[in-house]
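Both of the next two complexes hold chain A, though its partner changes from chain B to chain C.
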Partner chain A sequence: MNALLQKVYDFVDERIDLKTLEAKMMREPIKGGSRWAYVFGSCLLFIFIMQAVTGVLLMFYYIPSADHAYASTQFIIHEVDYGWFILSYHFWGSSAMVVMVFAHMSQVFLWGAYKTPREMTWLVGLGLFGIVMAFGFTGYLLPWDQRAYWATTVGVEIMDKTPVVGDFLARFLKGGPTPGQMTLSRFFVIHVMILPAALMGLAGLHLFLFRSAGPAGPFRGTSDELKAKTDFFFPRQVWKDIVAMAAVFLAICSLALIEPVQLLEQATPDPGDYHPEPEWYFLFLFQLLRWKVFSGEFGQFLGAIAIPGAFMLLLVALPFIDRSPERNIFKRPIALLSWAVVTIGILVLTVSAILNREFLD
Partner chain B sequence: MPHPVDTISSVKLAWAIAWSAFWTGFPFKIIVALLLLTAEIPPWEGAGLVTLLVLSVPVDIWAVGLTARTIFLERLGMQVHGPVGLGLWWQGAALGVVVLGGAYYAVGTTAAVSQKIAAAIIGVIKKIYALPIAEQITLELLIWSVPTAMVILVCLLIWLKLFGWRVKRFVMTKGQTSSESLPERVRQWDYARVPADPTLVLVSIAGVAVVLTVTFWVLLPVTTPHRHPDYPPPPSEAVKKPVKPEEMLKKTETTLAKAEAVLEAVEKEKAKEKKKPTGKGK
Partner chain C sequence: MASMQPKIKSKVRCTDGEIGEVAHVIADPLSLEVSHIVVRTNGTERQVPVSSIGAVRDDLVELLCNSSQVAGFPELKREDFLTSKEVEIPHLENRIHVEPGEVLVPFPELEKSCARRSFFTGFIYVIGVLIGLPLVWPVLRFVMKPMYAPYDNRWLKIGNVSKIKAEDVGVQFIFKKSFKDSVLEREEDKNHWVVKATPETLQKIYKNGDLSFYDEKGDVVWVNKQTVPYVAFAGKCPHLGCGYKWRSHKTRGQVFLCPCHLSIYDAAGTVLDGPAPRPLDVLPIKISATGDIEVIDVEYKAGKKEQVRLA
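Let's look at the complex of A and B:
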């Protein structure tokens, strides 16, 4: 058996220089050794692959038309063998992706890994962040129930407030005065074709840039200590990545079992008793927009577009503003404080939005 | 010359062990939790919780032992011969029970008192200014959750301080200073975590993974356990008895034989009646 495998390996190696590829992929030195803090990127890749697999399985049964989207989703839940679990895994996988993106970005920010020479990796990473959020936004509409319909309506209305391109974007996405067949078709195409292609391209570029600049390594420790601990990517970091991926997989499965997807009534232009709200990871922004200071046309623009836009621009400009070579987060108090304020702010506003539900009736 | 344990604070040492041990044991515990969920047994209450807690004990003992040895060698340059996990785990667990008991009352009281204070502050603000509901919710949440979070943090620090103190005592009495250089110590803790027979371990892991995967799909309900009211479960068909031709033939033969016997008896009866004289005659 081993001799046969060796023959196959040699055959492939002769043609595509497998040994060099293997050396590049697995023998990459990691300054300071393998760490659990480095697993987030691999976990993101794993979640994306699983989303693609479950997404393809769902597409075997899903019909992207306003007449059949709801019924076909209900069919997946109630009739297809294990369909309810696959759909629930896909649903929770999208949330896990958002959480993991936040964890990955936090780790890069706190470890100062966006600094020279890794600015381009950071910028491409921000692009990937945008794609992940777009995945969540477009996928939410597809079941075509009241929750999906109204979350999209709220999201598109927020988008409409963007100066210059807002009106065009909102009209393009909706494809009519109210969400309907055109909206569903466009969201479906963006969700299953444009975004996966964009994500694969940017993720490849992200990995290439990461490998070109090399891992940043720990922000503490003498050069002798780091040298002593330096290790190759295989086997220890690979092992840590596999364990983390398994833990993420099991956590998503658990969530799918604890809280499986249950649809509301089929989408209608009348919200009835339903109080429209976006997905949970946009709830903090939704709650912020309820504040009196953000009421009115200008206030809504300020809260929905200007502040999030300025924040994103700040993230883009971050490696060019913060040019100090210091990476130790405990010696960068402004960075630590800013991260804490943003994280706590998002957390408090999200919980506030959940508590706010009681006061809506 | 100071002892190596004096170079690190109790809190840092305890945190390093507890944090690493938590994540080391986490994948094993979540496997148990997932299998329980698949069998529709919630792992947060009743029998599910008991199962999870009982199975977590050996996992935690192993994880504490593994991470503590690594940290002793890496940060303190010390080695402990003999078991580590059980000795540290029971001390951590005993301290955890005491601190958790205290924390239960401290956190509960703080949350209750600060919620009352928050309500009073909101009441005062409302008298001066018509506070909109969204702002009120966030403000109220901040007023009571910040002190509550602080108390939780203090309780955690108390446990870490106490556990760190016990860890230091443990390593001072049972540990020996390693005279090796840092690269050699790195090699030692690397090898400490590499199994003696990697092939055997890989095959075992693969085998366990296959068994767990099969168990998962066998236990997982095929259709959703949470049906939509508009999609009721299909009516269950009446169970049809399996057809057994031999039995049916025998049964038919028996029935026919019985019928024949009855018929014969009836005919005999009729014949007797015919033979009997009809009436007394004239």
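Let's look at the complex of A and C:
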């Protein structure tokens, strides 16, 4: 058997130079050695692959029509063997994706890894961040339940407030003046075709840029110390990556088992007793818009478009503003403070949105 | 000669003695074999074909010819060659083991004409644009088809005033609305709120007098008379489009409250608190002799100070 495998390997190697490919993929020296801090990117790739697999499976039964989306999702949950699990895995996988994106971006930010010569990797990474959020936003319309309907209604009304293109963008996404079948069709196509293609392309580019510019390595240590600890991507880093992936897999499975997806009532323009609320990772923005300072037409533009937009622009400009070569986070007080403020801000807003629920009932 | 791997900087010896060293190796891009070695001798670099090589040893290449024959070989024109790094020739570097970058391959004759290169570049762009350009308008129209549907000015029966027991209280009317959604014949639950207004509340709602409603062309579709005490508010919150409710508030008493972003309105639809930019939207309303309520399901854009009609 081994001899046969060797023959197959040699056959392929002779034609496409497998050995060089292998060396390029696996033997990347990791400055300062493999670390647990470097597992987030690989975990994201793993989560994405699992989302793609579970997503394709869900499409075996899901019907993207306003008349049938809800019923077919119920069918997946209640009739299809392990349908509840596949759907719940996909649901919790999306949350894991958002958490992991935050961890990955934080690591890159705190390690100062966005600095020269890795600016382009950072920029493409921000594009990927946008795609992940768009995945979340387009994904939860698809079950066509109350949460889906209202989150989409509000989300699209927010986009409508974008200057100049807002009205066109909102109508384009809704596929009409008001939400309906065309909205579902468009969100479906965006969710299952456009975003996956975009993500695969950009993730490939992200990896290519990462490998071209090289990993940043630790932010401390002399070059001799770093050299002494340097190892290859394979096997030590790959080992850490796979352990982290297994942990992520277990966490998502556990969540799917403990809290399987429950649909709310079917979508309708009458909310009934339901208090509309977006997915938890959009809660901070939702809560922000409840503030008095963001009231009125201008306040709303400020809170929903200008501030998030300015924050994204700041992230885009970051490697070009912050040109100091210093990467040690303990010598970058402004960076550390900004990260803490943003993180605590998001936490506080999310928690207060959750506390507000009680006040509504 | 498949196994011939002359090394860079090997000494080169002719039949009449040593004449220099190997400066480059030239490969044939089709056969992936060494076709020439470039010998650096007396300050010139000459291309010696492999047929003139007798043997390749460690650090030494023995030629079959003498030094005056070597002087007759053509000089290397460096601009006629590329290094193996500058072109994509699969397997070349695996077949010829010399220092990478030192393997030269001939620059194809057809690639040397600059005028043609820029012509082709321009041509490629022009054809690309010619393919793409005619698609822009049809594709744009294709995706825009449902985006600007005409207003729906049908009157819909939503219930009877007998449901309303008190003045200045929000009463919800849930009704079925049938409509064509692309090819689907759909029916949706919708909801609007009707208030039987006291004269003071009516005054607040119609502070600018009777309220007119218009179609796309700006023609009046209906006028709400300020003398009619029944007022219908669209069920969509003018803040960001959620569904609001009539409920009691700790300090403000009975109000319309939107659970999304906590906008609060009084029975006249006036904003009391929260982020809403304008009062609740009044709908065209008709009350029949038997008390049946009919409305036009006018929908406005949320989040605007002014009413911008969507449907």
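The criterion applied here is as follows: the second predicted complex is superposed on the first by the 360 of 361 C-alpha atoms of A that agree within 3 Å, B and C clash if a C-alpha of one lies under 4 Å from a C-alpha of the other, contacts with A are read in each partner's own complex, and residues count from 1 in each chain.
Definition applied: a contact is a pair of C-beta atoms (placed from the backbone, for glycine too) under 8 Å apart; a residue touches a chain by one contact, two chains touch by 3 or more.
Since the model is a prediction, treat every value here as computed from it, not as a measurement.
K.L.:
Superposed on chain A, are chain B and chain C clashing or fitting side by side?
P.N.:
fit
K.L.:
One more residue to check, A:K292. First (chain B), second (chain C), both or neither?
P.N.:
After superposition on chain A, A:K292 lies in contact with both partners, chain B and chain C.
K.L.:
If we overlay the two complexes on their shared chain A, which of chain B and chain C does A:Q300 touch? Say first, second, both or neither.
P.N.:
A:Q300 sits against chain C, while chain B stays out of touch.
K.L.:
Consider the C-alpha centres of chain B and chain C from the C-alpha centre of chain A, and write down the angle between them to the nearest 10 degrees.
P.N.:
160
K.L.:
Classify the contacts of A:E326 with the two partner chains as first (chain B alone), second (chain C alone), both, or neither.
P.N.:
neither
K.L.:
With both complexes overlaid on chain A, does A:G175 touch chain B (first), chain C (second), both or neither?
P.N.:
second
K.L.:
Could you tell me if A:E22 is touching chain B, chain C, both of them or neither one (first, second, both, neither)?
P.N.:
neither
K.L.:
A:K161 in the overlay: touching chain B, chain C, both, or neither? Say first, second, both or neither.
P.N.:
Only chain C; A:K161 stays clear of chain B.
K.L.:
Would you check which partner chain A:S352 touches, where first means chain B only, second means chain C only, and both and neither mean what they say?
P.N.:
A:S352 sits against chain B, while chain C stays out of touch.
K.L.:
When the two structures are overlaid on chain A, which partner does A:D10 contact: first (chain B), second (chain C), both, or neither?
P.N.:
Neither: A:D10 stays clear of chain B and chain C.
K.L.:
Considering the aligned complexes, could you tell me the closest Cα pair distance between chain B and chain C in angstrom?
P.N.:
Minimum over all C-alpha pairs of chain B and chain C: 8 Å.
K.L.:
Just which bits of chain A does chain B share with chain C as contact spots?
P.N.:
290-292, 356
K.L.:
Show which residues of chain B lie in contact with chain A when the two form their complex.
P.N.:
Within the complex, chain B touches chain A at residues 23, 26-27, 30-31, 33-34, 37-38, 132-135, 137-138, 141-142, 145, 182-183, 186, 190, 216, 220, 222-228, 230-231.
K.L.:
Spell out the residues on chain A that touch chain B in their complex, using ranges where they run on.
P.N.:
33, 36, 74, 77-79, 81-82, 84-85, 224-225, 228-229, 231, 236, 243, 246-247, 250-251, 253-254, 257-258, 260, 262-263, 287, 290-292, 348-349, 351-352, 355-356, 359
K.L.:
Can you list the chain A residues touching chain C in their complex?
P.N.:
17, 65-67, 150, 153-154, 157-158, 160-161, 167-168, 171-172, 174-178, 180-182, 185, 268-271, 275-277, 286, 289-292, 294-297, 299-300, 356, 360
K.L.:
Write out the stretch or stretches of chain C touching chain A in their complex.
P.N.:
Touch residues, chain C against chain A: 90-91, 94, 143-144, 146-149, 174, 181-182, 184, 186, 188-191, 235-236, 239-243, 259-262, 274-277, 299, 301-305, 310-311.
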